[in-house]
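Below, subunit A partners subunit B and then partners subunit C, in two separate complexes.
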Partner chain A sequence: MSTTTMTQSQTQAMPVIRLERVTRAYHTGGGGFAGGHTIVTSLNEVDLDIHAGEIFGLVGESGSGKTTAARLMVRLEHPNHGRVLYHGENVAKLRGKKLKRFRRRVQMIFQDPYQSLNPYQSVQHIVEEPLAIHKLGLPAQRQNKVIETLTQVGLTPSMTYLHRYPHQLSGGQRQRVAIARALVLSPDVLIADEPTSMLDASIAIQIYGILSEVQRRRQVTMLFITHSLAAAHFLCDRIAVIYRGHIVEIGPAKSVIADPRHPYTQALLDALPRFGHPWGERRFDTLREIPRSEPATGGCPFFSRCVPADLDLCRQRRPALKSRDGIHSSACFLVE
Partner chain B sequence: MTPLLEIKDLSIDYRGGRGRRTTAVDDVSFSLSKGESLGLVGESGSGKSTIGAAIMGLLPGNAEITSGQILFNGEDLLRIDAERLRQMRWKHVAMIFQAAMNALNPIHRVGDQIVEAIRVHEPDTTPEDARARVSTLFEQMGIALERLGHFPHQYSGGMRQRAIIAMALACNPQLVIADEPTTALDVIVQDQILKTIRALQQKLSIGIVFISHDIAVVADVCHHVAVMYAGQIVEIGPSAEVFATPGHPYTRMLLGAHITLADEGGKLTDAVCRIADTAVSASACRFAPRCPHATSQCTQTAPQWIRQGDNHWIRCAMTTEGKPCPPQP
Partner chain C sequence: MAKKATTSNNNANPMDGAGLPEAYWQSAFMNNWSMLSHHIIGRIGITLLALFALMAVGSFIPPLIDPIYNPMSGVDPDIAYASSPSWKHWLGTDFIGRDIFSQLLAGARIAFMVGISSAFMSIFLGTAIGIVSGYAGRWTDTVLMRMADIVMVMPTLLVLLIMSALFGQLNIWTIVLLIALFRWPGVSRVIRAQTLTLKHRPFIEAAKIAGASHGRIIVRHLLPNVLPLALLYMTFRVTSAIVIEAALAFLGFGDPGTVSWGMMLQWVWKTGHMFQALWWLLPPGICISLLTLAFYMLGRAMEEILDPRLRREDPEE
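And now, the complex of A and B:
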């Protein structure tokens, strides 16, 4: 690992993960009949930096492109345009040893622990397999590593879990196994894609506890993908709000919630149930009940739903992310 | 005055393989007046959906009602014959299902499906009258009328859920069971649907049993709340009171685990949410293995109902009347 330490000191300011004008579009077949073919742009010229040791929250509704961003970062897919950089290196160009190292250092936790674990493998097998694949440690030592990792995710006494199968575990326990499988390789980036959306609240909060403990102890860089502003605010250092493939606001978690600048972020906050809302009376009323017609091309992605939109400017031009203070940015002409 | 819905001592078992039985609902009682809403909250497996299905007479084949009554306007739905129940269902008691593709038939136009629902339950209605009623419902739900002729796959998730609500309201029911009606929806759509439900409930004075795992949603929509744990109601009362002064340790745990914008990282205490997979005997408090206050008494005797306020009751042996279980040390 000596090389890692060296590069880390050399590249103090370099983000661990960087998206540079990343666009990812999918072709949807029209079922075979003529003319049904369309292109859906899932991410549109997204720029994003995730820095060493932070928990970064990507918040958006279903279909906003947040899972696509995660899949690009772990190289399950490639962008159509733009680059994904890991410690400054283009992920798409990684080959051979470097690629294998990347695969070891960047780990993902998926949403559904009922589907992400192989039902025919025991917990020991599931958590040990990554070590075997990457030829880490002697086979005899691997079990100790597995036990240590299971303990860290709160599956104790770990010995009693080794020979259990996923169907013998609850949803929360399965998600802990999935976290252990990701952690066993000592990654420096952990990407968690809605890790608690299938779980009850009392289990979800335990998973948050594990994730923040892991981050604190191991200084892992973490991307936390969620549809919940409250969860992102709770767990993350910084938040980006994504709407229809565009990052519309990004900044320190507290600042984005206390001082939201983009009308879409404001609409999301308005929509939260008032229960336990610290700003119970605060309302922005930025969301149009009946959408306007979509701008032809190039307008603001939120134009059709935005109450305060400027009918000329916002229809014709797409705002870039800009910041008044250098740390909290939003992509809205009205804020400038 | 007879309440709109009164559930008395309801217990439901599920039969498993090899003669195994699981009690999903254990001695549940509550009542609901006309125009009121009651939220059933609890985690998955607590039995809340089973109660909803039992009211609708839609329990799966391996479920068995072992005791109790479900009185709708004083008439026991468990004792009436199948034909009468079929007539009551949808006309008087309707259900809003979770926003899923399969609550609507994919090969029929949405408008036609609702017209069909009306004409099955009210055979005297002419097709024209039924269509006019569906148009009014769509207007109330905020769906454009041209959508009547579209198929479910042409609807967005939120619009489909509105159509499902329109279908539930088609025959002017007095009671609606809403089972996680906004769970699969994004927060903005959820907010719009909840507003619609609240507005319609006031306007039409429907009784609603609102089943949800999300206490914030229940707090927003419901007059009363019943908190369920492992098949039993452990706390019941006016929702403002229950959420402001929760008496049962489980209610407190649920509230503690619910993350709001007011919370910061400090909430992550392991004690609030202990896991337990140990089975509990019927003559004990179900929550005892997870409860920070449990004593040997809790594992030996089933707790009795203790009054906390006017209509606020909890089932916890560690409390005395008017005094909730002491807060977490």
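And now, the complex of A and C:
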């Protein structure tokens, strides 16, 4: 599966979604006389291509800029610098009809199913609303489409769910409704922003199953955002690891897991709980317990927490993404 | 499997009805109603309100019994002075022989009319301005909120007095409208704050991603979520509208064509019966206090139900 999509993506010239040196910074605090405002850079000159039909995993810790990347791709926010391209078109410049078409083609699943459904709308209204917005089909046909989509996300028998309200559903059921809302328009691109972080592990597995089933059946391009390398490995064709707004490693899922090159990816792998392997587990030990002082200017973003860092080189210069084999790249001087 | 689906379909159908959200409102209403009826303050408020509503409805009856009980024009031919309570006039008569009790009933009707209609109008205005201001943000927000500040600091009663001094006696509906026009800023501030907290919730953003227009987001997603709060503020606005109308009428600037409680107080005072005819002075005064108290109590009870942080551990207490 992953190999076929890889070859596909290499033959296709234009990625579905491309980030070009995207920077997004937030102004926080500010006002008052105690202290001026500070600028938090949540994405820093990020380049990223997502190709048609693949599941792309974006992995990172909280605050690393994963969600910001998602929000930029669905045009909830605009980058400060750089461009977000959808089929080669700058998303920020979309207006009118083109914007409406974009809104139909790119959908998102949110992290918290307790916040992403309007408490005053029934399941039917929630799932049907995108169809009503884009005036697709007659009301009767819409209901059929709603039922069909609900069945697809595993809410069966669907009729019993139509007239329920979010507060009458469990977290897993809510997230399925949210997935149904995103799927009902048959989008090209589905962005799932940590769709299981609020759910139990057993329910999370079911959600993964639905997502990969949907992807296989509809050939959607999917961006899967998660903090867990295990989940990304389970679901994704390609993985990018992001740390404090910088992509530090990117490559095919298998290769990133089996042969992690960046110390941060190695630390993430170390952090995975492992059962049934009392001996012989590989540990990289690349994460410092006590962070070093930050480099004053430039420098590697991971420098302060990196064990093997070169104290001169890594403090002064920021490594660029480089690759030996053309498909698996990492941003670290020590890899060479 | 198919059979199961059809049976559940049949089960779902009765709930289905015309408007689907009704099921939600219904369950929420039943829930909150049971909480309200266990709330002692709320219970007193509702009981008082029911009594006054009964009075307002009953105000149509006395004129039907005998024209002399007409609150405005009915004059008892046998009595041409302020008489104390008797079997014929339960609360006595005023200085020209009009029945106080039927005036009191008519006053209840006017109080409800003024209170509810002006509160409704100010809530309508306040909610609309609050949502637009909170949702649009930037300069729209700034302009609307400065406008709200300007209106908010105007003393309503004083402005109304000046206007009625300028334009002569105001019609009761003009008074209602003016009260509404002066009382929206408080509502719009609260609704704006609520809108600001809702604006960045994922379900609003999900609607945006699905391509919803601003109008759709406001009407379908923001409005239902701020409506309970708006209704709560309506009860407080009713109170203030009733008090303002009463004060205006007492000072002699009310609508001369209607019998309101403030009007009755003004007649007592003007004809010099202030402390000579307590049966005339006390009932309208007590009614004004009790009715505003009832609305206020209902509002407080509703506030506690809507905001769980205000709830006490034991609602029976």
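Methods note: the second predicted complex is superposed on the first by the 314 of 336 C-alpha atoms of A that agree within 3 Å, B and C clash if a C-alpha of one lies under 4 Å from a C-alpha of the other, contacts with A are read in each partner's own complex, and residues count from 1 in each chain.
Please note the rule applied: a residue touches a chain if its C-beta (ideal position, glycine included) is under 8 Å from a C-beta of that chain, and two chains touch if they have at least 3 such contacts.
It should be emphasised that the depicted structure is a prediction, and the values quoted were computed from it without experimental measurement.
The superposition on subunit A brings subunit B alongside subunit C with room for both.
In the superposition on chain A, A:Arg318 contacts neither subunit B nor subunit C.
Of the two partner chains, neither subunit B nor subunit C is touched by A:His78.
In the overlay built on the shared chain, the residue A:Pro130 is in contact with subunit C alone; subunit B does not reach it. By the touch criterion defined above, A:Phe234 lies against subunit B but remains apart from subunit C after alignment on the C-alpha atoms of chain A. Using the contact criterion defined above for the overlaid structures, shared-chain residue A:Arg218 touches neither subunit B nor subunit C, since it reaches no partner. Residue contacts after overlaying the shared chain place A:Glu61 against subunit B, while subunit C stays out of touching range. Of the two partner chains, subunit C is the only one touched by A:Leu117; subunit B is not. Once the two complexes are laid over each other on the shared chain, residue contacts for A:Tyr165 go to subunit C alone; subunit B is not touched.
In the composite built from the two structures, the nearest CA pair linking subunit B and subunit C is 9 Å apart.
Across the superposed pair, subunit B and subunit C touch subunit A at no common residue. Residues of subunit C touching subunit A in their complex: 1, 4-5, 8-9, 11-12, 15-16, 20-21, 23-24, 201-203, 205-213, 216, 220-221, 224-225.
Of all the residues in subunit A, the ones that touch subunit C in their complex are 74, 76, 99-100, 103-104, 106-108, 110-112, 115-122, 124-125, 129-130, 133-134, 157-160, 162-163, 165, 178, 181, 185.
For subunit A in complex with subunit B, the touching residues are 61-62, 170, 172, 200-206, 208-209, 212, 227-231, 233-235, 257, 267-279, 287, 289. Of all residues in subunit B, those touching subunit A in their complex are 43-44, 142, 157, 186-188, 190-192, 194, 213-217, 219-220, 243, 253-254, 256-265, 267-268, 270, 272-273, 275, 277.
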